[in-house]
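Input: structures, listed below.
Two complexes come next, and they have one chain in common, subunit A, joined by subunit B in the first and subunit C in the second.
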Partner chain A sequence: MAFTATMSEERELAIHPIVQTSVQHNTQVVSNIRNLTASLFGVAAGTLGLESYPGFIFYLVGTLIVSGLIFAFRTEGKPSEYFHRPFGDLWGGDVFSGLSSFVLTWTLFYGLVRA
Partner chain B sequence: MPFLGTALNTAGLLFLTHAVYSTHEHTATFAHTPLPLDITIELLVSILILSAGIVVSSPQLKPIQWAKWAGKIQRGGRHSEGKWTREGEEVLSEGDPYAFLGLDGGIGGKGEGRRGFWDVRGKRKEYAHWAKTGGKQ
Partner chain C sequence: MAQPVVQTIHRDPALFWWILLPITVVMILTGILRHYAMILLQNAPKKLALPQIRQQRALVRGINLRANANVLSPTSFQARKAYMVSAYQEGKFLADPESRGKPRPNPMSDPATMEGMMGMMKGNMAMMIPQTLIMGWINAFFSGFVIMKLPFPLTPQFKSMLQSGVGTRDLDVRWVSSLSWYFLTLFGLQPVYNFILGSNNSANQVTQQMAMANPGAGLMGPEQDPDKLFLNEAENLEVLEHRWILDGVEDRLVAKLTS
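Entry: the complex of A and B
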């Protein structure tokens, strides 16, 4: 089953080849946006005084909104044109790499503003 | 589009700064009371505006399917800035990352990518001369 799946994917790639530099460029753009917005959400979460799970839920909701913005403004509603796996690369791409900068600014602003 | 992105970013930053400052003032005056609704709304709106501004001012994505990508180049020419390989792919890296070492490196440079050996004998001769003249130049 897996064998046939990889075969069909390979054939698909042979028919519609993919430009590697464009993939790289798109991944870079998405991870840039994620890093910037993650620290921004950290500022908001810390200022709102969120603690524990609500903070992480806030981050997840925020990244979802940012993914929606990328979907609307950058891919013009056709993510499969710009991402090989739209679900993994656009909606789920780099979500957890931004988490550390989120926690950093979250704790910083919580300490600065609320504590 | 760059104007819209800059405008959104500026407005978002202003609102965000104001909201954070208001929160700070509020907690300094009335500690351990919930945040007023208007500050919360301002904060959330500023975050939304800022992330929209960040997304809008980010560079355009490029189509990954060869056919569409080639078609775009056919139609618009290789208008985007940056370097291109002879095959038409864009060079994404920014040249030699170790240029700051001053080795005049690699592919684009004029040298052969490494500094020559240190001339030990020459330096020793120089030192001997310097010592013989009593430490003066």
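Entry: the complex of A and C
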């Protein structure tokens, strides 16, 4: 049998199909967690009085920690069961989607507490 | 070398209660209002006559057959394919078989098209009007106040936008006026709407514009010739490579059980 790589992948998808609704639900759960934590990180960064680069680094570190927590608790260490592409969807995916709400709460609390 | 002087401005705490808070509350309420206005403005899908529905559903049936072909056994797939292809090519499902091959009428004269364009207009209006109103309101009421300091530095190009109405040339760009708080809330409130209204809300303009970019979701727009669509679908069915999912299932089962 002369299967190319894409052919066997297609076959694999036909045998184990991916259900769109479940995928959407999983993405929704992850993005809810991300949005909520991004706002909370903004509150923390504003209260700590972080400015410019330390603030953004704080956000990045925070999202990495949240990714780790999702990996450990929500997917129970097996992200490939919940995501089609575990790396892109869980670790890399929408790191920056929460950035705008982070900036919003960061600015608000920085303005209230410090300046 | 001396440290650069950090500009500080002592602001009245009342600025928070009378500018920051009202803008935030108004923005959240506008989002909620826009969500419900969009729901109200959505008109129910128009009732179609029976032949039209048949024409539409026949096309959907062909697409579904193509998408789910793998779960059918070869014989039943061949039977379905033969039936669908011949019916498509004869134009059995067409709503009015007489007009086959004739050029389509001008889409602007079709009332259904006008209806669709009106719907898009309404959506655009529901976005534009509150935005313009709120910007006008902020400019009229709150211009000229320096209300907050951004926690990150910006380039001086932003000065004219973020410090509009503040007439000091040498003020650091990080001190911004009320209009910039409006922009921050405009982009950052989406999670708030998500928690208030559920995830499928239409409160934010940004997501609205994303949805607007892809209006051609309808399978059979009035501007498309159904006969051409049918012939196209028949061709797609003809060239489809059919693989039954149960081919070699015994080997897979044995391999799974032995591993």
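We adopt the following convention: the second predicted complex is superposed on the first by the 106 of 115 C-alpha atoms of A that agree within 3 Å, B and C clash if a C-alpha of one lies under 4 Å from a C-alpha of the other, contacts with A are read in each partner's own complex, and residues count from 1 in each chain.
Criterion: a residue touches a chain if its C-beta (ideal position, glycine included) is under 8 Å from a C-beta of that chain, and two chains touch if they have at least 3 such contacts.
Quick caveat, the model's predicted, so the values are computed rather than measured.
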Touching partner for A:32 - first (subunit B), second (subunit C), both, neither: both
Partner chain(s) touched by A:50 [first = subunit B, second = subunit C, both, neither]: second
Touching partner for A:40 - first (subunit B), second (subunit C), both, neither: first
Which superposed partner A:22 touches (first subunit B, second subunit C, both, neither): first
If touched residues of subunit A are counted for subunit B and for subunit C, the larger one: B
Which of subunit B and subunit C A:113 touches, first, second, both or neither: first
Touched partner set for A:77, first subunit B, second subunit C, both or neither: neither
Partner chain in contact with A:65 - subunit B first, subunit C second, else both or neither: first
Intersection of the subunit A residues that touch subunit B with those that touch subunit C: 28, 32, 36, 112, 114
Contacting residues of subunit B [partner subunit A, same complex]: 16, 19-20, 23-24, 27, 35, 40, 43-44, 47-48, 50-52, 54-56, 58-69, 89-92
Subunit A-facing residues of subunit C, complex: 8, 16, 20, 70, 147-153, 181, 184-185, 187-192, 194-195, 199, 243, 245, 252
Residues of subunit A touching subunit C in the complex: 11, 14-15, 28, 32, 35-36, 38-39, 45-46, 50-52, 55-56, 98, 100-108, 110-112, 114-115
In the complex, subunit A residues that touch subunit B: 16-26, 28-29, 32-33, 36-37, 40-41, 43-44, 47-49, 62, 65-66, 69-70, 73-75, 81-84, 109, 112-114
